[in-house]
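Just passing along the structure, written as structure tokens.
Order of writing sets the labels: A, B, C, D and E. Residues in every chain begin at 1.
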Amino acid sequence: MTRKFKKRASKIGLPPGTLVHVGEKKTEQTRIEIIDYDDKQLRQKEAQTIEECFPFRDEPTVTWINIDGLHEVDLIEKLGVHFNIHSLVLEDILHTGQRPKAEDFGKYLYVVLRSLSYSEKQDEILEEQISMLIGSNYVISFQEQAGDEFNPVRERIKSGRFQMNKRKADFVAYSLIDAVVDNYFLILEKMGEKIESLEDELLDHPTPATLQTIHRLKRKLITLRKSAWPLREVIGGLERGESSLFQKSTTIYLKDVYDHSIRVIDTIETYRDMVSGMLDMYLSNLSNKLNEVMKVLTIISTIFIPLTFLAGIYGMNFDFMPELRWRWGYFAIWGIMIMIGVGMIFYFRKKKWL
Amino acid sequence: MTRKFKKRASKIGLPPGTLVHVGEKKTEQTRIEIIDYDDKQLRQKEAQTIEECFPFRDEPTVTWINIDGLHEVDLIEKLGVHFNIHSLVLEDILHTGQRPKAEDFGKYLYVVLRSLSYSEKQDEILEEQISMLIGSNYVISFQEQAGDEFNPVRERIKSGRFQMNKRKADFVAYSLIDAVVDNYFLILEKMGEKIESLEDELLDHPTPATLQTIHRLKRKLITLRKSAWPLREVIGGLERGESSLFQKSTTIYLKDVYDHSIRVIDTIETYRDMVSGMLDMYLSNLSNKLNEVMKVLTIISTIFIPLTFLAGIYGMNFDFMPELRWRWGYFAIWGIMIMIGVGMIFYFRKKKWL
Amino acid sequence: MTRKFKKRASKIGLPPGTLVHVGEKKTEQTRIEIIDYDDKQLRQKEAQTIEECFPFRDEPTVTWINIDGLHEVDLIEKLGVHFNIHSLVLEDILHTGQRPKAEDFGKYLYVVLRSLSYSEKQDEILEEQISMLIGSNYVISFQEQAGDEFNPVRERIKSGRFQMNKRKADFVAYSLIDAVVDNYFLILEKMGEKIESLEDELLDHPTPATLQTIHRLKRKLITLRKSAWPLREVIGGLERGESSLFQKSTTIYLKDVYDHSIRVIDTIETYRDMVSGMLDMYLSNLSNKLNEVMKVLTIISTIFIPLTFLAGIYGMNFDFMPELRWRWGYFAIWGIMIMIGVGMIFYFRKKKWL
Amino acid sequence: MTRKFKKRASKIGLPPGTLVHVGEKKTEQTRIEIIDYDDKQLRQKEAQTIEECFPFRDEPTVTWINIDGLHEVDLIEKLGVHFNIHSLVLEDILHTGQRPKAEDFGKYLYVVLRSLSYSEKQDEILEEQISMLIGSNYVISFQEQAGDEFNPVRERIKSGRFQMNKRKADFVAYSLIDAVVDNYFLILEKMGEKIESLEDELLDHPTPATLQTIHRLKRKLITLRKSAWPLREVIGGLERGESSLFQKSTTIYLKDVYDHSIRVIDTIETYRDMVSGMLDMYLSNLSNKLNEVMKVLTIISTIFIPLTFLAGIYGMNFDFMPELRWRWGYFAIWGIMIMIGVGMIFYFRKKKWL
Amino acid sequence: MTRKFKKRASKIGLPPGTLVHVGEKKTEQTRIEIIDYDDKQLRQKEAQTIEECFPFRDEPTVTWINIDGLHEVDLIEKLGVHFNIHSLVLEDILHTGQRPKAEDFGKYLYVVLRSLSYSEKQDEILEEQISMLIGSNYVISFQEQAGDEFNPVRERIKSGRFQMNKRKADFVAYSLIDAVVDNYFLILEKMGEKIESLEDELLDHPTPATLQTIHRLKRKLITLRKSAWPLREVIGGLERGESSLFQKSTTIYLKDVYDHSIRVIDTIETYRDMVSGMLDMYLSNLSNKLNEVMKVLTIISTIFIPLTFLAGIYGMNFDFMPELRWRWGYFAIWGIMIMIGVGMIFYFRKKKWL
């Protein structure tokens, strides 16, 4: 969280539209991939220079340009100039840490999403900014690093199944958005498993470490939520046909992703309810245990403190203590003590402490 | 919860509209039931093949096709093709775990609901997805397994009472929705009973198990809520006449179901308030008990610790301790001790601890 | 709460519009009262059969028919048929447990309200369903049992004061609604008194019973709230002139009742804030007391446990313990003990525990 | 709070528009003050009878009639009849306890506000109902008792500064509303001081009395809030030009008061956040202290209980206890005891309890 | 907080539009800076008298007048008269403590913002009121004291980069707003660092001081929030083109600042969630520790209290106590004691207390 702002802050004072890459450099080399198709043929290649992408702007075929790596600022600037992109948009593409949003510039649509993935090793949710420029015959997507989120889309286009070859650029855009949203379900699955195992732990043998885990889970849900709510807004806006770049037929598919995004949010909110329920459980358990501990202490003390007092009495060294001289004094005192002890136990039984 | 996502996740990467059954296989054999009527006659039969349903598409009579079991994907695909249903709709029918929703495709309306039932044995709320395709002269309903929710509707059509034979397909759809909502009241009744018995338990003899029960109840209410809120939206949308497939006269009946769905939500929210009130009660009770336990411990300790000290004093073995030689020393010390004890008791009385 | 749903559930499966009385039978005999007036004359009579009411439908005079008791279903059915009331409306009239609502059927308006009264004996808020059918020249009101809520309205009509005789049916309807809302103020007054006495109790001598009372009060407020919020909506809808059956001049009066309903809700919300503040107070008090108890225990223990240890030392029976032989050993040990005790007291003073 | 409803309840059953003074009689004698001006001259007088006010209705000059004291019902009724005021309005004027509201009757506007003042003596916020009737050339204001809230307005008119003499009746009304809102800032200032001193107390030496003060403050904020929110709505409505009686030029001034009312609410909400933060602080402090107390008890007990046990061992009177015969037994036991004690202290150090 | 109202209160009673400086005097001398440019040239100077600014009103060049220091009331009054500013606006400029708002007066737009900065020394967030008057060819900005927030804007204009010289007054206004919003990110970065170090402290070694820090952080977030929410509204209003003074091309830039303001609010809300999560953590930690302390006490007491009792028994001085005479009595009693102790330890192991 903080890291993001440190970066952000370093940019304060620069005029708007200044192109600086703000964010971690997550990949060594920028990778440019071009997939170009119409209903007759399909071309796929890895471009060495950004200039190789330029001719596709004016061709009628559908072109998807995917760029992994944001640190080569001039590369993105050139692309922006050629495709006539507003400098503020280019700034946002480079400045990772944007909130999901969609902005319509007439000729093209700018969409930012946050792609989430779960790092098993760090036990953390990793965020990545996905930017998309959607024109009438092209989609340009920007990722912070090479990832496999978009592989299914590649497969689908290449395999020619599902009539992808007849679809326009907006359908490619939809497919990318769908791929991003699908990843949220993977994260939620992970979270669900964690919640379940945590609940078992909570019922079985809660420890202070359980509390830490609950706390961490809560933090993760806050992060998730911060990405998921604006995501829904963005998709909802596109689905309601706010941009003319999306055709009516694609809108039905967007509605489907929109439903998914609502389910993501529903599940996040349910998880939040569950996690805060678990915190309550944990604290109630603590109170229960404290009560139990205190009962044991009280029972033991309440039985033995008076008896010890009695023993103390007859340990006194007064010259004249008639009971000490009695033949059966010792056994009498044992009798009295046992009576007191048993009486106490009955009293605790009645109070339901035992 | 989690199980659902595991399933969901397994489908990630497939193109939209791919037909795969996602969910538990709850029944062995798919059952297809056809009820067909107009104001003159009524036909009811169990179809062996899905093709038997096809002729009804073009007949003017009202046809209700009910399909129990979703695992035979090709059967549903055939039906979809014949009735000209969008592939995304077929996908949603097969993919149990949808959020209640209604989608209007002009020629037909797609409605998903979640039917709830209470399993006494598992002490759990079981969810089932009910999908409905509503055309101008047919209703096709899909259930995950054969159930008796729709029996009242069958009875009503067969008995000919209530002028069912003069009603159109939209009224059949309304009747099915009504049947689903009615089941929510059964669940709420069960919950209400549980809450009542829990409150008695809470006043009578709360145990840590009570806390578990409260927690489980809370979880069930979260589940219920997640189904009930979108249910209300769906019915509200239909009632406001957003679809032309529902006639004006049926809308009055939908308003009635809508009122029921509001009452369901009202009651769920009230139950939530009650259950969280019970949690407060439980915790306050714990605190009360802890206070009581601590008072007992403190009273006993505060009375006997000083007395034991006194007894300890006169148990010392100093050669020269004048009191030990006194004739009435022993009785004097008893007197002092009783005075201290009684004084303490008066002090506690004054402090209202006794 | 639960009882209501048990009843409701028993009706599940019946076709919509089936007339069954759902609810407690609260009165033995149905009472039908007719008040009929125009600006010249006034007739009031108790009808023996429902048929006596029928002629009034077509007379130009204003007629108010009040029916106490809902168990005679056929009586209400006959009335419904004659006045041409939708069967779903008749069902709702008989089915007590409706949420307050207003439904406009063009020729008549159907209004359901919940009348509350406070039962001193049971210390509970009793609910009753009041249904009203409002036509252009008649008002038919249905109560579960004979009550005195409407007496002021009767008086007002009979006395001829306030120009009641010139007013139309909508003004009668307004008067009845006003009477119902006025009763809420009586309940709130009772609640206010309870809250005040509870606050005194809380400051004076809170007991675990206080907690129970707070809890019960909270429950009552939940009930109240559930009735009051939809009440406001209903009156607000009427006041905004959504129904043409209410004349402009009556709307000013409805605005007045609407203000009252807002004040009712305002007060309920304020009470809720107060009651949850009291719960906080109670729990903080408990914590305060626990702290005080623990301090007493700790002070006593911390002073006497070391002293008892010292006394124990000189109660040992070692052959060679030089101090025991000293002439002033006994007095020296007393001195040391007193010093330790006084030192401890100073320490506690410094820590502000004393 | 309760008192208000007791009064209110006493009126239940009376027909709407019945004029009864509901509320405390706060002044002995009704005072009627008339200020009348146009851009040439200014007249100010105290009227003996209400009839003196009547001629001003039809004069073109701006007239402000201020009436202190509401118990002379017939006086207000006469005024109402002459100025042609709706009986429900007169009822609301007399019935103190109204919620702030503005009602437009075309020829005149009826505004109710609640004026707050802080009573140092009772440490309470006193409420008073201010009603205003605003016509095209007159403002009639009603107060429960003579107060000095309106003095600045009087001054302003009399001094002739600020072009008051050229302003119309709506500007007088604005000035009165402004004066009422200004008083809220005085209350908030008092509250702010209290909160500050309470925070110091909380950091310095919190006592159970602090808890009481927090609770009382919370109660006061609930009261404030209940008045301030509807106040904002009222002024917002006037500012948005919902009434034609307010001129465009005055609207700019109303926007200013509207901003003030938003700031009042902002501050109330901030105070609420602060006060509930203080409650959390107080309770956390309690827990901290309990922990500290328990540590002291545990340390003392854990050190001395085992030692006392050891001393008890060698206080036993067995005939054959070899250690008792040893030459250095007594000193050895001292050594062991000191070692145990020091060991314990190290253990507590390690656990960071010391 | 309070200080603000004390000031405010001192102004109560004055007529609206009275010009009084309300707020701390933060600077000794008022500084007036004029920057004037068109696409050909740029003039910058420090004005000695306010009259030097007047000619710029009617020149076609873009003029930015920045005034630091608000205590010279007549200076601001003169400016207001010359530029024809409404007296209520001048009042608000002088009266620091305004809520962020934008008011459109047709010829000019009045915008108030709150600029925040973090004072390392006082560990507090300092607020300053920034007022702006935006005309078609001028921007006049008012600061309470000279600050460096606007330096980047000065630089940008002077350097001629970013085509500033071709931009109109609305772009200068946008740049100033952007500079203010950028400062919020600096504050948030500080807060983020604090939260992170606090979390480490919380996991490592929480102390009562940690609680104080959490509390202070919470207070700061309340302050931040109070400034940030209305800021968003203001910018949102400008961005939606509510004022005709902002050109279409500048609106895209305003949308950018608007996004920033949403991110500010998002982050504040996330921080609030985090801080209240930390409070929960702290309190749970306290409970955990109390439990641990109590367990130690209970274990020690429960083991040694019964043993001490036994030792007390054989310290009694009865004449006839057969065990005392036994040869191996002493060792037997040791054996019994060790058995009891070990048994206790096993019991605690089973209970998982050890």
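The definition used in the following text is that a residue touches a chain if its C-beta (ideal position, glycine included) is under 8 Å from a C-beta of that chain, and two chains touch if they have at least 3 such contacts.
Since we're looking at a predicted model, the values are computed, not measured.
Look at the contact of chain A with chain E and you find different residues on each copy: under half of the numbers used there are shared.
The centroid of the Cα atoms in chain B and the matching centroid in chain E are 42 Å apart. Between chain C and chain D, the centres computed from C-alpha atoms are 26 Å apart. Residues of chain A found to touch two or more other chains are 287, 290, 294, 297, 301, 305, 308, 312, 315-317, 321. With chains as nodes and touching pairs as edges, the resulting graph is a single ring in which every chain has exactly two contacts. Within the complex formed with chain D, the residues of chain E that make contact are 1-2, 5-6, 8-9, 12-17, 86, 88, 92, 98-99, 101, 103, 205, 208, 211-212, 215, 218-219, 222, 226, 279, 282-283, 286-287, 289-290, 293-294, 296-297, 300-301, 304-305, 307-308, 311-312, 314-317, 321, 323-330, 333. Chain B meets chain C in the complex at residues 151-152, 155-156, 161-162, 164, 178, 182-183, 185-186, 188-189, 192-193, 195-196, 203, 252-253, 255-256, 259, 262-263, 266-267, 270, 273-274, 277, 280-281, 284-285, 287-288, 290-291, 294-295, 297-298, 301-302, 305-306, 308-309, 312-313, 315-321, 352-353.
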